[in-house]
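Have a look at the structure below, then the notes.
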Amino acid sequence: MAKVGVADTAFARYDMGKAAIEELKRGASVRIERYTVPGVKDLPVASKKLIEEMGCDIVIALGMPGPEEIDKQCAHEASLGIIHAQLLTNKHIIEVFVHEDEAADDKELVKLADARTREHARNVLKLLFNPKALEKEAGTGQRQGFADAGPARI
Amino acid sequence: MAKVGVADTAFARYDMGKAAIEELKRGASVRIERYTVPGVKDLPVASKKLIEEMGCDIVIALGMPGPEEIDKQCAHEASLGIIHAQLLTNKHIIEVFVHEDEAADDKELVKLADARTREHARNVLKLLFNPKALEKEAGTGQRQGFADAGPARI
Amino acid sequence: MAKVGVADTAFARYDMGKAAIEELKRGASVRIERYTVPGVKDLPVASKKLIEEMGCDIVIALGMPGPEEIDKQCAHEASLGIIHAQLLTNKHIIEVFVHEDEAADDKELVKLADARTREHARNVLKLLFNPKALEKEAGTGQRQGFADAGPARI
Amino acid sequence: MAKVGVADTAFARYDMGKAAIEELKRGASVRIERYTVPGVKDLPVASKKLIEEMGCDIVIALGMPGPEEIDKQCAHEASLGIIHAQLLTNKHIIEVFVHEDEAADDKELVKLADARTREHARNVLKLLFNPKALEKEAGTGQRQGFADAGPARI
Amino acid sequence: MAKVGVADTAFARYDMGKAAIEELKRGASVRIERYTVPGVKDLPVASKKLIEEMGCDIVIALGMPGPEEIDKQCAHEASLGIIHAQLLTNKHIIEVFVHEDEAADDKELVKLADARTREHARNVLKLLFNPKALEKEAGTGQRQGFADAGPARI
């Protein structure tokens, strides 16, 4: 049975890991391994360990960078590390970052984090079990957490 | 027969993958493997998997980053990953990114994305089958999607 | 017995290494290897040597970047190197950077550096001995050195 | 006989590859392999292929980034890739980038691109055949394409 | 006998390599290998070659980036490459960069470059022969070329 790694952080202000696990279980029968780390910069190696040491076929890496300049930089560093980890393992690590300042207040933040996490959890399942579904969405302006942009209107 | 990987995204607002495949088929007899991922940051590993796991000789990686600052950063991270993937495989991955804000409206966006994709698809074929054609274009100010800048006029 | 590497710098204006060692010893029976280098850009290879040459299971990398633009850039480069070192070793290197301009004066700087170091030292012990404790903190808005942000209030 | 790789682009608005080859031939008896790619981001892997697949001992990588912000970013990404390619091969890849906006008009651009390319072609030969000549220039404020800055005057 | 690599550039406007060699010889009996390259972006591979091909145990990499924005970017790229080279070799490469605009005039530039180079040459010797000396300096606000910041005053 396929195994999905869920890497998340104690820094985030919403339990994205729980939302991801719920959505993954709702969508398919998969084994799940969860790995919580302090912050987003710890996600790259956690994701790589999920793949190499815990046998995951794919990982969803969840983080919620803060609103300050330094938080943006940490997220950038983490993203580069997550891409690097994928290149070293030949496995997808789907990054789900919700920046605190994307939302006007805590209520909106929770709604956004929950929706984006779940949409990407479904992307994880498509990559694992149904790549043709993703191909059908090619060029259709999919967005996660907000309304889809949709295809260009001509 | 040579095999070309076409990596594209569900995030893009135009089906660049379809345009690339059409243009590749028009120009040569090649096998084509398509791989659609959620967004540009998923392209580096998808391209590497196309090369290493699906036997592609070259890849064209297609993306359409959004207009926000964070989209620019994602594109930057994806570009670094695509260069890295090339260095790990010794194969070309021709990146075709069309930034949404390069175009004034959706109509122009589609025109630009289509033209740039097709011009780069032809570059892919030159790299595969006719490197001397590229050498003849050396220093001639080629651009993809817009009019060529042309060689410096002296 | 688990072995923890403590990498710190002569550039820092507070002895973060000493604080880390105290806190690590207070929390668990671990062997500790300390490695002091000139500045933050020397931390990535020092951390990797602690892991690969001195047998550490995890490293805490402590630095205090100065307030200038060039200091920020050095910290960014060091952070990328620390992430890279983790990917090459599959071990955690918990980065603890305190930017001099996060504090209004020296007194606050010391307080912040000490608190952040000790909180991350406890994170190191959790990663080593009690990953379930971190999982319980998932999504709870943990911060190190300042008050926790806490979970989003809805 | 030593072999020099010349990697250049169709994007450039001056035939830097031709200038490099002329200068290399003028200065020494070397075998030359030329490899033209679409743009600067294709130079890292082209340079690595010149070294690993075509047996070059050193490469000169020639590019002319455009004047826009996105062009600067592409050049930055290419530069990082070129440094990376060197670290993976233990061979020098001498980067010669001429930014279009370094010159006031096309005439100046050609002059600059030609001069910088040729000066760096001579650096390539020094690295190959006469490292002591470079050592004599240590700390003398050498510049390529513009007048030398010269050593600090005290 | 330990061997120290000295990598420097023709771009610099002061002979930092000579200063480093003097200081290294004054402080210890070490073998020295010098390697001069055109500019800072050539330092990462030069340093790696000093370690892997010329048997150096440690390297001091000396550069003097110019005052323009593009010079800053080159220095940033070089720094990332130097960190990467260390991770690939598990050896220290002590980077000594003096930015031309750190000094008000040439006289100050020379003084700064000389002082910073020599202080870091002594750091090289400490890393090689006397790591305990560096540990004693941990958290004491050491600076190279300027007066030490000193430990935070509380």
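Per-chain residue numbering starts at 1, and chain names A, B, C, D and E are given in the order in which the chains are listed.
Here, a residue touches a chain if its C-beta (ideal position, glycine included) is under 8 Å from a C-beta of that chain, and two chains touch if they have at least 3 such contacts.
Since the model is a prediction, treat every value here as computed from it, not as a measurement.
Minimum number of contact steps separating subunit B from subunit C: 2.
Considering every other chain in turn, none proves to be in contact with both subunit B and subunit D.
Shared numbers divided by all numbers used gives the overlap of an interface; between subunit D and subunit E this overlap falls below half, so the copies present different residues.
Between the Cα centres of subunit C and subunit E there is a gap of 25 Å.
Per-chain CA centroids place subunit C at a distance of 40 Å from subunit D. Along subunit E, residues 80, 84 each make contact with two or more other chains. Interchain contacts close the chains into one ring where each touches exactly two others, per the touch definition above. The chains touch one another in a closed ring; read from subunit B in the direction of subunit D, their sequence is B, D, E, C, A. Interface of subunit D with subunit E (complex): residues 76, 79-80, 82-84, 86-87, 90-95, 99, 120, 123, 127, 131, 134-135, 137-144, 149-154. Subunit D contributes residues 8-18, 34-38, 41-42, 44-46, 48-49, 52-53, 64, 66, 70, 73-74, 77-78, 80-81, 84-85, 88, 106-107, 109-110, 113 to its touches with subunit B in the complex.
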